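Please find the structures below.
Shared between the two complexes below is chain A, which has chain B as its partner in the first and chain C in the second.
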Partner chain A sequence: MFFVMRAGHGDPALSALGDLATPEAIAAFHKRWGLDAPLVVQFWRWLSGALVGNFGVSMTIAGGVPIADLIASRLPNTMFIGLYALVIAVMISLLAGTVSALRHGRLIDSAATSMAVLGISMPDFWLSYVLVYALALGAGLFPSYGFISPADSLVAALYSGFLPALAVAAPMAAAFTRILRTALIETLYRDHVRVARSLGFTGAFIFVHYVLRNALIPYVTVIGLQVRYLLGGTVVVERIFGVPGIGALMVDAAFGRDYAVVQACALTFLVIVLIVNFLVDTLCNALNPRAA
Partner chain B sequence: MRTFIANRLALFGAAITAFVLLAVMVGPWLSPYSPTEADFLALLAPPSLAHPFGTDSFGRDVLTRILYGARVSLSVSVAGVLMAALLGGSAGLISAYAGGWTSAILMRIADLLFSFPSFVLALFLMVVLGFGVTNIAASIALIYFPLFARLSRNMALVVKEEPWVQAAQLMGQSTFSILGREILPNIAAPLFVQIALGIAFGIVIEAGLSFLGLGVQPPDPSLGTIMADGREYFQRAPWVLTLSGVAISIALLGLNLLSDGIRDVMDPKLRARL
Partner chain C sequence: MSIKGKHVTRRDALKLTSGVMAAGFSMPWAAGRGLAQQAATLRAGIAGFNVINTLDPMKATLIPEFYVIYGAFNALLKFNSKMEVVPDLAESFTVANATTLEFKLRKGVKFQDGSDFSADDVKFTLDRVADEKNAAPNRSKVTAIQDIQIVDPYTIRIVTKAPFAPLLNYLTNTRTATQIVSRTAIKAHGDEAFGRRPVGTGPYIVKDWKSGESLELEAFPGAFSGAPKVARVMCPLIAEESSGMTAILGGQIDLTSTAPFADVPALEKRPEVKVLKQAGLNTRYIALNNRKGPFADINFRRAVSMAFDREVLVKAVLFGEGVAIPGVLPPALWADAKPAFGQYVTFNPERARAELAKSPHKAGTEATLLVWGSNWWRRMGEIVAGQANQVLGIKIKLEATDFSAAYSRMKAGEADAMVMGWLGFVDPDEYIGELAGSKGFRNIHGYANPKMDELLDRGRTEIDPAKRKQVYAEAERLLADDLPVLPCFCSNVHNLLRPNVKGFVQLPYSNFADQFGTVELG
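Our next item is the complex of A and B:
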């Protein structure tokens, strides 16, 4: 990743000093940030730092601030929006998926299924504007821009983060609903459910104990897979709603050619995905006694 | 094929996709306007007979820009996904068939790429490669490469053990002909579903990158740059953002329904129950 980044395009010096910078100024900038050292030396400096959580300092967008600090100050916001979106998506999909599976083939199922297909056909940044227009500018229910960090006030963060979280959540909710509906319908016709029904258990008991539990395994697996998209979605949405998170930081750094910051953001996202995947695997094992 | 026609939603998806393809191929040619030339006598004109989708802040006809822009977005996405399908598909096939340490290394690279959030990877690659149309296609290809590699490898591992493949091996067919004639046709259908889905998501990636200003550069139209323009004067001229957004949703809806349809046809067991 390091070498690919350096082999890339554009010079951070030009971005920091402007296109009219003199060659002397550029050379001085290179010297100040160690860009004049051989690549192998630069790589060693970066690797030895990254392993202990030191990603160096920002070169252009926040000159001189350690990147680890930048990330640490913004990570809670991204985690908050991501988790908030996940909760919204799970709640919508549990409700919509269950209702449409139990009433499958009926009108309400067709409505939920159509909504789900529409949901995955709306890119998050486009949905963001629909939400801003309808709920912020139109109905005046939510702020259209700006975010209050959960560290300052949890209630304010829940309120100001609702629209961005909803924009990230909607495509997820659609994908989750589809998989839950399919998994539930598959399970509803399995032999063990028929046996339970013939033994006279009530519908609700069978549903919770024999159907939902089995259908949750593919559901949780898909949640794990979709977390990558969820995190990707936060990048654009953070930018639109002015949420100071890792995604917005990465976009700013991309414009400023701040290599080290872009790298550090990408690595942070990668680490989050790996942690979530681990959690999902653990949860799946817990749900499925046979796999343990 | 008959079941496919019987599936009304899939047919609907195919019709939308055909309509979108026709519109981007023929549309720009029919339009009397230029997608990039400014007309300062018609700035931000609302939809009318002369400009069915209105005009933007440079007086450019929005419908014309959407048609040209959709052509750009679609070509970028198709090029990227086909490249990924070709490279990833062959890598997966070879690694399933040959095995060994090359296969192990290939799959670890695919796993690593696969763990990145796609949009983060796209953003990263745009910084590395530089902003611009060709590089969007290249990053879409790199994002989808691991998916196709995994998919074709997993399916080929199963098909490889089938008796007819072993018969072909015993008959002394070359590896190349076994891969091409015996294995590929049997794993093609899921690859097609993934290609359709990939093209839909590729359009989202292109639009997202261009929307942020990291992809197609203005004044060239793409669905993302038109939406980014529209955002600037959303309050005064809501039609630019709204109609380009509707256009992208229609294209995605068509591709999503189409891929759902193909998948249902392939899995008759599921269809009977749903």
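Our next item is the complex of A and C:
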């Protein structure tokens, strides 16, 4: 990423100093931030800092502010919206997927399946504006812009973050519903479920212990896959709703040629994805009746 | 459901609940805005931008930086509501001769750190901008100054090497870098810290600045212009203009710095928001590579210029919020002589094809037009390229990139063309002088014409405004013949206000925080 970013056009000096920058100002900026050194030297400077957890300071989008501070203030907001969206998506999909599977082929199933297709097809920016116009400006139920960090007030964060979380959750809920429905229907007709029925277990007991538990394995795997995209997926929503998150930070940094900030954000994403992968694999193992 | 005989629908109940929630958990920039404090906080959204690099006037270049600087500082002079230059930190000024200006300064003015303002701060500010070591982006505005003489603590004399007509404009509180800084504060804290916590004489002190998120301003009761009526201003940095609009419609902010062109007609009909607009001081054009490629040929440039309709641009890009222009001077600028549209800047497909026939570059010629920024910039490129391709049979293709990359490529002579524009400048030399002068630093297109340079030099040294205006009219005619750039349009400036916001006076150079000191919340 270090070399790819530098291979592109654009100059951090222009981002920081703007279009009025004189050649002298640009040269002074390059010198100040070590951009006049060979690329290998610049890379070594960055790497030797990153290895000990020192990401340096922002040179354009937040001139002089330590990058660790920027990430520390932004990451909780993105994670909060991501988790909030995940909870909403899981709740909606558990309900819709289950109802759809148990009533498959009926009107409610068709309705749920159609909603899922709609949810997957909707661009996030469009859905965001629909939510703003319908629920914020129309019904007046939520703020149309702005977010209060959970660090300041958890309840306020839940309230101000509802629309952005819902915008992020909608396509996920649609994908989860479809996978859960398919997995449940497939499991419902498996031999071990028939055997359980013939043994006289109740429908609810069979559903929870023999159907849902098996169906949850592909469901959780898909959730894990989606979570990987969750961080990047919040970028547009963060900008529209004014959530100061890490996705928006990374995009701003990329446009501002704030190389070190982009690299630090990418590294943060990488670590989070690795952790999520580990957690998903662990959860899948725990859920698998054969492994349990 | 009913309350005391009144029928209450479920929607009413939901609204009531959300209202209670909203009161309890208002946005950070509205925090603490209870009933008792209702007039205590102005929420002024900076829309369309979320990057501010510095608040040091000497280093600032971006318009959102100046939005804030306008309110934290004063300059020797300022523009009044009629766009006349009037004293600000100066009490009065006299033109001693063609090269000498003398300023009597206000007495008893305090900086926000409590230190006294005097002629020493004025000299320090201007010397600092002029000092090559500081590499100030706006250094060219003060390089004509030869000497700054402190006559006494409240009298200062500025002597230029030759008559320099733009100087008065360059000493105003606009995008000039000449806002007066506190020498004491800079010496005490250093340039870096000053850029984040500036100290000026303006009505608002920068109290907090969260990069990429918001700024908090606190009223400076000792401001010489009088104590501000609003105790606190929160300025969220709202990246999307459309989000600024939804924020004000939703009541999350009271004022915006801009509005999306496409939504202005609809917003003007809404009672919950007031739209301020007027012709702006800005210019939008297509920058062309005059050094190499097809646009290095004058006939090709003229052919493309006649192959697109500027009125269509105004309708489709600005939704009528602006005017087509035949040159690069905005009609709102006093120096614009409102020249007629010359033949090369008038849409005429027949003539365009005839002009192309004179060029070595015929139908089928390929070129790339770089587009960047908001949707309307892209739409501008699409329409120009689409119409020119259709009329001339050439192949201009669009390449979407970001501003920094487009600017670098254009400056290096590696790109054929890019959509381009400037805003907020107050002197004609900042527009045509920097754009068309062979040494102008906004001349990224590589245009050089000795006749133009001679005209621009005359424009800088001609003190009589009427004669100066004639010089620029001539320069505009030459520009419309040579077409180093393709002039397109000038857009209106907009502010959105909640009806309770009183006292904000909009000026055409995209002012903002300079008005906060007189704003009241009803």
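Note that the second predicted complex is superposed on the first by the 287 of 292 C-alpha atoms of A that agree within 3 Å, B and C clash if a C-alpha of one lies under 4 Å from a C-alpha of the other, contacts with A are read in each partner's own complex, and residues count from 1 in each chain.
Note that a contact is a pair of C-beta atoms (placed from the backbone, for glycine too) under 8 Å apart; a residue touches a chain by one contact, two chains touch by 3 or more.
Since this is a predicted model, take the numbers as computed values, not measurements.
Chemist: Just chain B (first), just chain C (second), both, or neither: which does A:F255 touch?
Modeler: Both: A:F255 reaches chain B and chain C.
Chemist: For A:R239, decide between first (touching chain B), second (touching chain C), both and neither.
Modeler: both
Chemist: Quick one: classify A:R197 as touching chain B (first), chain C (second), both or neither.
Modeler: In the superposition, A:R197 touches no partner, neither chain B nor chain C.
Chemist: Figure out whether A:V130 sits in contact with chain B (first) or chain C (second), or with both, or with neither.
Modeler: first
Chemist: Is A:L270 contacted by the first partner chain B, the second partner chain C, both or neither?
Modeler: After superposition on chain A, A:L270 lies in contact with chain B alone.
Chemist: Where on chain A do the contacts from chain B and from chain C line up?
Modeler: 8-10, 129, 133, 137, 239, 255, 257
Chemist: Considering only the defined contacts, which chain A positions touch chain B in the complex?
Modeler: Of all residues in chain A, those touching chain B are 1, 4-5, 7-10, 104, 117-118, 120-126, 129-130, 133, 137, 182, 185-186, 189, 228-233, 235-236, 239, 247, 250-251, 253-255, 257, 259, 262-263, 265-266, 269-270, 273-274, 277.
Chemist: If we count contacts the way the header does, which residues on chain C are in touch with chain A in the complex?
Modeler: 11, 14-15, 18-19, 21-22, 24-29, 50-51, 53-54, 59-62, 132, 135-140, 192, 195-196, 210-213, 236, 238-240, 242-244, 246-247, 249-250, 252-253, 401-409, 422, 441-442
Chemist: Could you list, by residue number, the parts of chain A that touch chain C in their complex?
Modeler: Residues 8-12, 14-22, 24-25, 27-29, 58, 60-65, 70, 73, 129, 132-133, 136-137, 139-149, 152-153, 155-156, 159-160, 239-242, 244, 248-249, 252, 255-257.
Chemist: Going by the contact rule set out above, which residues of chain B touch chain A in the complex?
Modeler: The contact residues of chain B facing chain A are 115-124, 126-130, 200, 204, 207-208, 211-214, 227, 231, 234-235, 238, 241, 245, 248-249, 252-253, 256-257, 260, 270, 273-274.
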